[in-house]
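Two complexes are shown next, each including subunit A; its partner changes from subunit B in the first to subunit C in the second.
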Partner chain A sequence: MRTVEQTLEEILNLAAEHFRVPRGQLSPDDDFFKALRLDSLQALELLTRLEQHFGVELPDYEFQGVTDFRTLADRIQARL
Partner chain B sequence: MREFRGQSLSWQLTDGVCELALHREPANEIGTALLAELEQFVAALDALQNDVRAVILYSRLRSGFSAGADLRELYRRMRGLTAEQRVAGVRQFLERIHAVLNRLDAAPATTIAAVHGVCFGGGLELALACDVMVADKMARFCFPELRLGILPGFGGIPRLKRDVGNAVVRDLLLTGRSINAQRAHAVGLVAQLAAEGQALAVARATAQQAAKFDSAARSRAKQFSKPIPYEELQREIAIFCELFARPAVEEGLRKFVESSAPLPYLP
Partner chain C sequence: MLDLRQYQSLQEALRDALETFRNHVCLIESDRGRERHRLTYGQFREQAQPLARALQDAGLGAEPDPTAPANRAAILMTNQSRWLLAAYAIHSSGGVLVPLDYKLTGREQLALLAHSQARYLITEWFLWQQITRSEGFADFRPRCVVVTDAPADAELCGAVRWEEFVARGAGREPVFRPRRRSDWACIVYSSGTGGRPKGCVLTHDNYLEQCWSLTRWYPFWPGVRYLSILPTNHAIDFMVGYIGPFVCGAAVVHLRTLRPEFVREAFVTYRITYVSLVPMVLKNLERGLRQRLQELSPLQRRLFAGLVGLNRALTRDRPRPWLSRRLLPSIHRAFGGELRAIIVGGAFSDPQTLQFFYDLGIPVANGYGLTEACTAVTVNNLKPFRADTVGQPLPGVEVRIVDPDADGIGEVAVRGRNVMSHYLNDPELTAETIRDGWLYTGDLGRLDPDGHLRLFGRKKNMIVTAGGKNIYPEDVEAFFEGLPVKEFCIFAANYIWPARTLGDEQLVLVVRPEPEPEQTGREALHRELAARNRRLLDYKRVHGYLVWTHDFPRTVSMKIKRDVLAAEIRAAVERSAVVPL
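Moving on, here comes the complex of A and B:
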């Protein structure tokens, strides 16, 4: 079982890799829409890649209002 | 005519396989322009039915297969009209899109939707009229209509019920959540999964296989395995129009059209 810190680290690594942002530029409390420069389609892409990586379903309504990586990790952890 | 190049879609027939590409920016929203070209397409499909053995529907846009009905056009057109005029207008549009999707559903050729990216609302309803859905593993599927105070109006519920269990129908409909391609495959909505960027290639291989079969056997197999729920489709139009007459729908559409949220389809 992953810890929430491990989940957070994996999210940051995945986001950096897929959206081509240096990992060192991403922090847990960053607004990921701004840090990754996501439009609505890319937000869905991030959701799908997170689902594939963690092997869980992440209903998009649970992410309404979530903008920082740390809260995202909490939501994912609740599904693991 | 064996090919067509329109503003919203293009198609061509080659060796028994007709490929239809959707290309209306930004995300193949289905409004009056795309509907008119779909009407021309199904008329051509009828005229060419002895030559067409398989049909592939796909999108050339990065955004995906289709984001669904053109809600901005719908909102623009309904403003300033009385409730009766709004319902009459939307009913006419629904009757037209149902006629197109019923003809696509009943086409004797094997029809394949090659889906990538977003396949939401009316886009999913278009894909559901096809016989086989092939999905890129990054595709997502969704019926967000309840968020606007309406139901899917292009035949979505009757055709979804035809393909998957009712618990899945309720999950999609009553939560409005989007599901990924793996989940859609697991519940029976998607027939075949493709790697990223490979849905059209997989659909082409599937079309080549389907095109080998005897046309009479293929047509009868479709009729037997995929009955068209005409009564439920008509009932859907009636329910949609009942709901559409309410002021809450105009307010829901206004919020959607004016939203600058990163996920605007969320309520």
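Moving on, here comes the complex of A and C:
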């Protein structure tokens, strides 16, 4: 079982790789819309990628209003 | 379809619809291809009744003055069947509905809740959590908050679970409270989360008349399946994803997960008849289709182009869905095989995109509307299809062009029973916007001899993004407060330098630096502006800035005279002087 810190680290690595952003530029409290320069469709793409990685389903409505990596990690952790 | 002209209020029409169509499918809710709910109109009524009763027990609708804040209830939810159950329960209790945009921040939601004075809130737990953690939550004093989707161990912060709340009203008939046509039905926010909230007060007459005229051109009937993707709080989905289908006995399909792969699947599974999209999503669909066409072999591409050409020639005067489906079966199968039209609105649509879909046999009902005019003012009725205009005024709606120039272009003004009553708590703005019964839209247009409206830009200082968001420069200014400059102001670029187009609209920041700035000061300013801009959501970002070395003209109360400043800038510099950020 991953710890929430491990989940967070994996999300940051995955986001950096998927959206081709240097990992060093991302930190847990960043707004991922801004840090990754995402529009709403790309944010859905990120969720799909995270679902594949963690093997869980992440309903859109649970992620309304979630904008930073840390909260994202908390919500995913709750489903692991 | 019901004869809407015989009803006084939305709830009377909807109540009759639930009875008339009781055995027809009304709502389908699916999540990742798994159907979670399927309700007939009769079952919808059974589920809405205890909710209405519980709301009434909590006091909704009891105030003798129908417009009293204690009769106002807000819905803040993503698209799901409970959105519509809640809307019906609020109206049938005699309440005024305040639909809120779930994409706003918690702080923005609180600002609109405070402005609307809604005493009841029906929301989802994850959105509620966002509100409870926002600054200003301590000042929010609702009578009752109902939440859906709350996990078992959730801290509810004073809210009640939907299931528990509904159980309180079970087994007792709610009181049905009809209203008059002139009574308020909804308070819908068109914008203004930062500075000046614009709460459009729409009456029962507005909705009933608008629905009557829209369904004359785009009828629904039992068997029609409408895919609800645009947020239901938006004027378009509220009308074509709730009122319109309900009074005609059609079915509404909600998807809890809006990933492209599930949306594609839903078209096929539910053989969707109509869908509404914003231009940005339509453009993405076009891109995807073009990509797939590129993957065909040269011979297949030539064949396909020939069939598209044939379809275009045979549907020049009007759509022929059966024919198009036979000519281009693979395209139509991908959309479920029964799609009759894509309704597009909320922002400017590229005519080439509209033509692309029409040539494939998928008509796009493009139109023009604004929340202040309930939903729509003009719509293309497809007889024949025209990609270059936003259609003709709907039945019962008048459009005129105010002070047209030599080319016939002027401000679009609208009159009809679809025009809102007023802006909530803002008589000054109401008086500026509605004069002698005409709604001054701030948009520039021209009417063709055959009555089609073409839009050419805006007179007002605002932009609409391709995603359909109205952005007022004043609302973005708050994010630049504290800049190390003497004064600053944000404009829609087209407001300073009028452009006869509505695509690709941008914001420009005008800064008046402290006197005699050093070059290093300018560089620091540039860095500061760029950093602040990056922190904004993409659709709120300014495109660039302009350094202005004169004092801003101001009123006696020190408000910036934006129109005067824009005219001064226009006379002195070209748009190319804007420094991109």
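As a convention for this text, the second predicted complex is superposed on the first by the 80 of 80 C-alpha atoms of A that agree within 3 Å, B and C clash if a C-alpha of one lies under 4 Å from a C-alpha of the other, contacts with A are read in each partner's own complex, and residues count from 1 in each chain.
Basically, contacts are C-beta pairs under 8 Å (C-beta built on N, C-alpha and C of every residue); 3 or more make two chains touch, one makes a residue touch a chain.
What you are looking at is a predicted structure, and each value in this text was computed from that prediction instead of being measured.
Engineer: A:33 in the overlay: touching subunit B, subunit C, both, or neither? Say first, second, both or neither.
Structural biologist: Both: A:33 reaches subunit B and subunit C.
Engineer: Just subunit B (first), just subunit C (second), both, or neither: which does A:74 touch?
Structural biologist: In the superposed model, A:74 contacts neither subunit B nor subunit C.
Engineer: Once chain A of both complexes is superposed, is A:64 in touch with subunit B (first), subunit C (second), both, or neither?
Structural biologist: The answer is both, since A:64 touches subunit B and subunit C.
Engineer: In the superposed arrangement, does A:52 touch subunit B (first), subunit C (second), both or neither?
Structural biologist: first
Engineer: Taking the superposition on A as described, I'd like to know which of subunit B and subunit C A:43 touches: first, second, both or neither.
Structural biologist: first
Engineer: Just to be sure I read the superposition right, which of the two partners does A:10 touch: subunit B = first, subunit C = second, or both, or neither?
Structural biologist: The answer is neither, since A:10 touches no partner chain.
Engineer: Just to be sure I follow: which residues of subunit A are touched by subunit B in one complex and then by subunit C in the other one?
Structural biologist: Comparing the two interfaces on subunit A, one with subunit B and one with subunit C, the shared residues are 33, 38-41, 44, 47-48, 57, 59-61, 63-64.
Engineer: What residues on subunit A touch subunit C, complex-wise?
Structural biologist: Touching subunit C from subunit A are residues 31, 33-34, 37-41, 44, 47-48, 57, 59-65, 78.
Engineer: Mind pulling up the subunit B residues that touch subunit A in the complex?
Structural biologist: Listed in rising order, the residues are 62-64, 117-118, 137-138, 140, 175-180, 182-183, 262-267.
Engineer: Which of the residues in subunit C end up touching subunit A in this complex?
Structural biologist: The contact residues of subunit C facing subunit A are 31-32, 78, 80, 102-103, 105-106, 124, 126-127, 129-130, 149, 151, 256-261, 281, 284, 467, 534-538.
Engineer: State the interface residues of subunit A toward subunit B in the complex, per the touch definition above.
Structural biologist: 33, 38-41, 43-45, 47-49, 51-52, 57, 59-61, 63-64
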